[in-house]
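Two complexes are shown next, each including chain A; its partner changes from chain B in the first to chain C in the second.
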Partner chain A sequence: MTTDAFLFWFLALVTFISALGVVVFANPIFSALSLVMTMVTVAALFATLNAFFLAGVQLIVYAGAVMVLFVMVLMLFDLHKEKKAFTQGAFSGSVKLLLGGLLAGLIVGAVSMSKELYKAISDQAVTNSATGIESTKALGQLLFTQYIFSFEVLGILLLVIAIGVVALARSKGGTHVK
Partner chain B sequence: MLNEAWIEPGLNHYLMLSAIIFSLGLLGVLLRKNAIVMLMSIELMLNAVNLTFVAFSKYSGNINGQVMVFFVMTIAAAEAAVGLAIVASIFKRFKEVNIRFFEHLKG
Partner chain C sequence: MGSDIVEIGINGIKLVLIFLMMVQAVPILVWVERRGSAFIQNRLGPNRVGPLGLLQLLADAVKFLTKEEFVPAKGVPFLYYMAPIFALVPGAVAFSAIPMATPLLIDRFELFGQMWGPYTILFQGYEIGVGVVFVLGISSLATYSILMAGWGSGNKYSLLGALRASAQIISYELALGLSIVGVLLLNGSFNFGEIIAAQQGPLAFTFIGHTVTVPFLPNWGVFYQPIGALLFLTACFAESNRLPFDLAEGEAELVAGFHVEYGGFKMLLFFIGEYGHMIVGSSMFIALFLGGYHFPFPGITPEVLRYYATELGYGPQGVSIFTALILFLSFFVKLALLLWFFIWVRWTLPRFRYDQLMDLGWKTMLPWALANTIITAIVIQISKI
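What follows is the complex of A and B.
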């Protein structure tokens, strides 16, 4: 087993366990901490795929900003007395579990049966063997040439979101005001 | 089954891992009642999709997929902010963030 293989399997295992933790922990704070662990391991998986810039952005934006937002909101609310974390009904719950498992099995089965296609894709993967700073440079050039319009629209969207969130958080609840 | 070709990570491995993470996020949205945990599960699903994008980008040698991941991350952060603002206004009214209170949002 090479170093790459060991790294992948280790990261895959940690990602799976922490993603499971997000769903099964009854305490929302533990869910949030599991989600941080998932974000960090997904960033490491990005690094194994030579997407170093995205790994850094994942750490800063997700594990930094978004998770701090989640934990701050959880700390504002006093939620530790929550007893029933899951939806009721054994039948509907088992149907949901079955459907989730079915989806995972379907996708994994389809992926594992289409080996030849991906072999064809990965055989021609010589055009972009750039590593490290080279791939970051290519990403930046693409973002500011071909995707410049989308980039600017994204900036406007973030402005609208910021104003909307402030308006929503300050609202007194519409027609339900006492 | 566990021969050398199976142990070495390839595109299939990353796709299977992200499919499993996506299904876990889906189950979180379906099974949990706490709206904040549901938002976290949505983040989990978006992360799985990002992993798929980056894996395809690496193995097809096309860097356009990484630009998509950049956009998805921005949208995910915006979505989390809006979702948490809605949850905060629900909590102000009902002192709980159970998903069943969201039916009172209309009007």
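What follows is the complex of A and C.
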């Protein structure tokens, strides 16, 4: 087994276990921390594919900022009642089974349908520098030329969300209420 | 990692050495901090154990190791033990990615009856093309150690301290990330090696067709990006949770913040983590704004050092080792001065109030960093005319 293959299978195993932990843990804090672990291992998988910029951004944005906020908010709640309601009972169990089955079906479907696509892509020679500088430049150029419209629309969407959150927080109470 | 077993071995040993460098700097830094604070406040500080009190930290470490081991009754043992160990990881991993001198060239040599080499050994843990993004990403994981400690201790003061710390770190991460965009734009690179190489020699730039050279100043990023440098340094203080931004500890209202339930060596691990953040922040500041390992005198470039080493009669291997060691000395002196600056500020400025802290981060530093980025981009475009 080569080093790359070993790294891939090891990271895949850790990703799988921590992703399983997200849904299996009863305590939401442990679920959130497992999700952090999943994000970090996915970033490591990006790094093994020489996509260092994506790996760094994944770490900064998801693991370093978004999940910190999740964990922070979860730590402030007292979730004993909700934990009971969501971990026991036939109704929540059946919903979970249903959703798990749906997700599994989606994943299997996506993998089996993308087989042809994958073969088509892997036939093309993938030229990528080992340092990841060239791919970062290419990514930036694509974002600001070919995909500029969708990129800017996404930015405006995020801005609208941020303004909406501030407006809601100011009108519904809190420390900075008018 | 390397092409054969010797190179892999050397690289592995190098990683361990860099980690040990970070950990071993901590006792000296704690001694400097205690003695320095004492002199700033007209006291003497620890001066009984060993010469100048230098062995005080050894005595403290022995004391820490023999403390009673306990877990708080309402704590979560897994997170409680995980947090101090995890506190060391981001600092050590990020510090390894920063180059500290020029590469070493090792000639062919014989070992166990076989010829090995030649090798080029980088004076850093590992080389990553987008090093700046990588270091920022890894350091942003440091929050989890604080959050795990705060929640795993099962203590209200710990939890409040952890929440304050993580809110503060997230807020200042934005200003930290934006403050270096100017440097990245100027150099057109995410790579520490390229950014440092661009800062060698005298201050020289081209502006609308005119070439300006200032022979007595080095070509450092701080002269191009003074606002960026100031914002970056301030954000570093906030990221490492040190005074004047140590609201997370706030002795007056929170006892000690997130590590209130920790005693003995576990608390020392948090200490090492905090100093590790100082070291990573300082070395990043040196690499981006203070010319990395280059000398402050524009006349002494690595080429000049290589020339002198050749004059002294060294071969290619000796020349590379001589140059790397002298440049590492330059990096080390800069690092020591910056770390002293961290300590000096801690014992000079009083602590902020929490709303002042948030206002500074969101309403002052973030707009200034944004303005700095936009103005830098415009000036770069104008100067290309």
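By definition in this document, the second predicted complex is superposed on the first by the 120 of 178 C-alpha atoms of A that agree within 3 Å, B and C clash if a C-alpha of one lies under 4 Å from a C-alpha of the other, contacts with A are read in each partner's own complex, and residues count from 1 in each chain.
By our rule, a contact is a pair of C-beta atoms (placed from the backbone, for glycine too) under 8 Å apart; a residue touches a chain by one contact, two chains touch by 3 or more.
The structure displayed is predicted, hence computed values, not measured ones.
Q: Should A:Gly56 be classified as contacting the first partner (chain B), the second (chain C), both, or neither?
A: second
Q: After superposition on the shared chain, which partner residues are touched by A:Leu143: those of chain B (first), chain C (second), both, or neither?
A: first
Q: Looking only at chain A, is it chain B or chain C that touches more of its residues?
A: When the residues of chain A touched by each partner are counted, B comes out ahead.
Q: Quick check on the superposed pair: does A:Leu33 touch chain B, chain C, both, or neither? Answer first, second, both or neither.
A: Only chain C; A:Leu33 stays clear of chain B.
Q: Going by the contact rule set out at the top, does A:Phe16 touch chain B (first), chain C (second), both, or neither?
A: first
Q: Considering only touches as defined above, state whether A:Met75 meets chain B (first), chain C (second), both or neither.
A: After superposition on chain A, A:Met75 lies in contact with chain C alone.
Q: Just chain B (first), just chain C (second), both, or neither: which does A:Gly64 touch?
A: So A:Gly64 only meets chain C here.
Q: Go through chain A and flag every residue that touches chain B in one model and chain C in the other.
A: Residues common to the chain A contacts of chain C and of chain B are 53, 57-58, 65, 69, 76, 129, listed in rising order.
Q: Across the complex, what residues on chain C touch chain A?
A: 127-130, 133-134, 136-138, 140-141, 143-144, 147-148, 150-151, 159, 162-163, 166-167, 169-170, 173, 177, 189-191
Q: Within their complex, state which residues of chain B touch chain A.
A: 7-17, 19-28, 30-34, 36-37, 39-41, 43-44, 47, 50-51, 54-55, 57-64, 66-67, 69-71, 73-78, 80-82, 84-89, 91-93, 97, 104, 107
Q: Which of the residues in chain A come into contact with chain B in the complex?
A: 1-2, 4-5, 8-9, 12, 15-16, 19-20, 22-23, 28, 31-32, 35, 38-39, 42, 45-46, 48-51, 53-54, 57-58, 61-62, 65-66, 69-70, 73-74, 76-77, 79, 82, 84-87, 93, 96-97, 99-101, 103-104, 107-108, 111-112, 115, 118, 121-122, 124-129, 135, 138-139, 142-143, 147, 150, 154, 157-158, 161-162, 164-165, 168-169, 171, 173-176
Q: Quick one: in the complex, what on chain A touches chain C?
A: Chain A residues touching chain C: 29, 33, 36, 40, 43, 52-53, 55-60, 63-65, 68-69, 71-72, 75-76, 129-133, 136.
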